[in-house]
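Each of the next two complexes has subunit A plus one more chain, namely subunit B in the first and subunit C in the second.
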Partner chain A sequence: MRSVVALAIITFKEGIRNRALFGIGLMALFLLGLNVSVAGFFMRDIGKVTVDMNLSALNFAGLLLVFFVAINLMAKDIDRKTIHLVLSKPISRSQYVWGKYGGILLFLSVSLAFLFLFSCLTIALLLALYPDYFGAFSWGQFVVAATFVLVKLAVLTAIVLFFSTITTSSLVTLIFSLGSYIAGVTIEEVVFYLKSDWATQERVVSESLRTVIDVLSYLLPNFTVFDFSLEAAHGLPIAFERIVLALGYAGGYSAILLLLAGFIFARREFN
Partner chain B sequence: MRKVLPASILVVMLGLYVALSGAVWKQQERARLEVPAGYVIPSKFSRVLALGQQGLLSDFLFLKTITFVGGRIGSGMPLSEDDWRFVEHSLDVVTDLDPYFKDPYVLTEGLLAWDAGLIAEANQLLAKGMAYRTDDWQLPFFIGFNQFYFLKDFTAATESLMVAARLPGSPSYLKTLAARIGYYGDKSKTALLFLQELVAEADDPLMRARLQKRLQVLEGSVVMEEALDRFVEDQGRNPEKLVELIETGYLEKFPVEPYGGTWIFNKEGRVFSTSRFVDGFVPQEKD
Partner chain C sequence: MVVVECDRVSKKYNTGLFKKRICAVQNLSFQVKEGTIYGLIGPNGAGKSSTIRMLLGLSRPTKGEVRFRGNVLNAVDLRAEIGYLPENPYLYDHLNLNELLAFSGEAARMEPAVYRLRGRELMARLDLLDAQKRPLRTFSKGMLQRAGICFALLHDPSIIVFDEPMSGLDPVGRKMVFDLVMELKQQGKTILFCSHILNDVERLCDRIGLIHKGQMVREFGREDFLQSASDAVFLLTDRLDESSQRALEPLIIQSRPEGEGTLLAVSVDRYLDVNACLQQKGIAVRGCRSEWVSLEDLFVHHIREHAPCAV
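And then the complex of A and B:
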């Protein structure tokens, strides 16, 4: 356990030192600043637009962090063969996977917490500027939605780690994870569309395609589960079960991927 | 010399670039006005293409729509039927992406109903909003207004207004207004009361200016109708022409008709204008 924590801390430090962090942070701050100037273009729902833009900025910055920084923390280790240095220490392969995951998670949490702080500042500023146009806005729902951006990134990181244990190049990991992300955010719309009356009546989908989609809906993560932006934007109530279920789903999916990654990684040959 | 040449080329290129860039932007500005409104990706696809950012996409599409309308109106170009269809589709997609978003519904009422005359489409969009924004009194209010003012369906309008009146935060006069429609029906005064509310609610300068013009013309109609009512009450007959109202002293002078038309009246005592309260009216020669 101690070695896992030690590796996590090293990974975290390595992530924080990455120069890309400044670029991503600056971009996110720019997006948040843009929010202040754009909000005035709208007539009524300035609160909704503000929440949308803030959550999207957090989401976008988080994705960049995962795809450009987190991937390097694991895949580059294998790519550049620096992993041999780590594995020569008394640490098992699966401990390495869990340690890396912990480190990346810590890194993501700290970076996002920093951006979240700025995001709250922009909202507070806009709230002061346009107090009448924030309708049903509530901080609680915003915090829930922002937290679930992190939960989503945690699942995505597990996917990244899983793919980096089976591929030999960080570029392939990037492509696979990006593909999984895109599939994950769109799959719900596709599945529900195929299940809709319209699609059934028009017989646009064959039975076999439906089976494929059914299987895929179990294989791929459904990232829409973690999307509470509509609720946060309009102050709609969020059912407690939904939060619990989403957290359980995220935990289950990530744990399976990390366990699989550990198995595969333990059997992997490095040259 | 070795440094001077590249530097002077750079300066020339920079000047050229600035000139070109300016020309390109101007060209695009013209091109945007000339091109037809274009195609809106149906929400079935855009919900997927948004990659989980449906809220943000709805904000962007909405901005794009108001920029389009603002651009056409700002340059004095009337919107063609296709343009209005584009606006309608855009608003439909925006509200599919985020059915709780208030702004597109306000725009639906202000533009689709008032300017485009797409009343049925506007009411359909507003009804979609009512299914989600169940606490918002303004949506049934808008529907009621359209039923009253454009469709002249007073029974339906009264019902919609009563729905609006029962929702939280609705102004107390809605019930009076609903009753008034039942009693007076098609009088400019009723429309005026409605419109004053709409203007008070409109924050967008573009819509506000257009609504205020309507308000002005309706105020004119009300003044005329009241004079006409007094004339009919005293004389027991309709005047031959509206000028008679001035000649007999019931009216000091004709109110300004901001759309440039001429005031006319019908047997039921309603006063309206040859411009039919539409911008870009060209007064025609009398035959």
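And then the complex of A and C:
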């Protein structure tokens, strides 16, 4: 456990001191600032637009952090053979995977917490400027939605680590992870469409393709499960069961991926 | 006691789909005894680094076994006994040396007070105290090499694997590392030393394995190449003709052709007699050598002689 924590700490420090982080942070802050300046154009929808823009900025910044910083935190170790030094210590391959995951998660949490703080300031400012248009807004729902942005990124990080263990290049990891993310965001809609009467009447999708998509829907992550932006923007209640289920799904999916990654990584040769 | 043992180890790499497999190491066997320094030498691509990677469990032998104290290397705990310095260590750019050593200590399950103290000792020994809080990306190549040595030695391992430890070091750094390796030997550590700088290998190692094209060409003991300690001097003269050779034979220990001349091993007691004989015959002495045969001579000789391995 000490090895895992030690590895997580150095991974976190490597990530948090990366210069790319400043660029991503500045861009996110720009988006949040933009929110303040353009909010007045939306009048009655100010509350909804503000929450939407804030969550989108958090989500976008988080994705950039995963795809441009987190991928490198693992891939650079392998590319530059730093992993040879690390694995010469009494650290098992699966401990390495879990340590890296912990470090990246900590890095994402701290980065997003910083952006979340600014996001809250933006909302508080607009709430003070236009109190009449934030009728249904609830801080609780906003916090839940923002937390699930992090949960989604935690699942995405597990996917990134999984692909890092089976590929030899960070570019291939990026392509596979990006592909999984796009598929994960859209798969639910595809499945709903296929199950709808519309699709049955049109018969544009063959049975075999339907089966493939059905199988894929179980394999691919369903990222829409973690999307609470609609509830946060409109002030709709969020069922406790849904939160528990989404957390359970994220934990289960990530754990399975990380166990698989550890298993594959233990068999990998470093030449 | 044998600490590290490579037993008929072979390693083949897949270089890609539909491509021929590369034989990096073939039927390689050697043993490193406790408290000794074993040097692994060979030209580029000989299979030294592949062998080290198998020793560390980073890759698996296609055939054969690597054993540590008689155990096959698979347990993670066994690595607590090993310190490893790779050639050109790539350390974490954004960490400083203190943080890197803290990681090394934590990974080796040392107490924080112990690894801090040991880290300071090593940094002082390798002249890195002033740079301990600087990010590693600002380190020069030699400093990174020394930082890598600190990282490898922090947990006081009993077996140390050095892959080109002198690479990138200036003369002061080289002397520092040389002295450190000698000190480690005196402490009874077992060291596997891999280098291209044959002079260092010759001075440091008790036993040397010459690898070429993945095979062990020859193993040398110190007696094979170090005779400077014996009471003989080695004179390089003009090439001797048959009559001169016959005249000198009773006076010298042995002779052999060396380039365009002849190298004579002369006992210190007979030096004046030999010198008089050479003067009498009009044979010029071109120089004096400290050794009968250098590791470099042996290296070049065996590499030229060795047939390529079948892949």
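Please note the rule applied: the second predicted complex is superposed on the first by the 271 of 271 C-alpha atoms of A that agree within 3 Å, B and C clash if a C-alpha of one lies under 4 Å from a C-alpha of the other, contacts with A are read in each partner's own complex, and residues count from 1 in each chain.
Keep in mind that, in the parts below, a contact is a pair of C-beta atoms (placed from the backbone, for glycine too) under 8 Å apart; a residue touches a chain by one contact, two chains touch by 3 or more.
Computed from a predicted model, the values in this text were never measured in an experiment.
Engineer: Putting subunit B and subunit C on the same copy of subunit A, do they fit or clash?
Structural biologist: Partners fit side by side after overlay.
Engineer: Based on the superposed arrangement, let me know which partner A:Ala266 touches: subunit B (first), subunit C (second), both, or neither?
Structural biologist: It touches nothing on subunit B or subunit C.
Engineer: What is the contact status of A:Leu236 with respect to subunit B (first) and subunit C (second): first, second, both, or neither?
Structural biologist: After superposing on A, A:Leu236 lies in contact with subunit B but is clear of subunit C.
Engineer: Between subunit B and subunit C, whom does A:Leu26 touch in the aligned arrangement: first, second, both, or neither?
Structural biologist: In the superposition, A:Leu26 contacts neither subunit B nor subunit C.
Engineer: Can A:Ala255 be said to touch subunit B (first), subunit C (second), both, or neither?
Structural biologist: Touch partners of A:Ala255: none, neither subunit B nor subunit C.
Engineer: In the superposed arrangement, which partner chain does A:Lys89 touch: subunit B (first), subunit C (second), both, or neither?
Structural biologist: Once the two structures are laid over each other on A, A:Lys89 reaches subunit C alone.
Engineer: Give the angle at the C-alpha centre of subunit A formed by the C-alpha centres of subunit B and subunit C in the superposed arrangement, rounded to the nearest 10 degrees.
Structural biologist: After fitting both complexes on chain A, the angle is 150 degrees.
Engineer: By how many Å are the closest C-alpha atoms of subunit B and subunit C apart after the superposition?
Structural biologist: 34
Engineer: Within the complex, which stretch of subunit A touches subunit C?
Structural biologist: Interface residues on subunit A, with respect to subunit C: 2-3, 5-7, 9-10, 13-14, 17-18, 80-82, 84-92, 95, 269-271.
Engineer: Give the list of subunit B residues in touch with subunit A in this complex.
Structural biologist: 44, 47-48, 51-56, 58-59, 62-63, 66, 98, 100-103, 106-107, 202-204, 207
Engineer: Name, in rising order, each residue of subunit C that touches subunit A in their complex.
Structural biologist: Spelled out, the residues of subunit C in touch with subunit A are 13, 50, 53, 56-60, 76-80, 82-84, 86, 89-95, 99-100, 102-104, 106-109, 135, 148, 151-152, 155, 161.
Engineer: Quick check: in the complex, which residue numbers of subunit A touch subunit B?
Structural biologist: Subunit A reaches subunit B through residues 38, 41-45, 48-49, 51-53, 55-56, 59, 135, 182, 185-186, 189-190, 193, 223-224, 227, 229-230, 233-234, 236.
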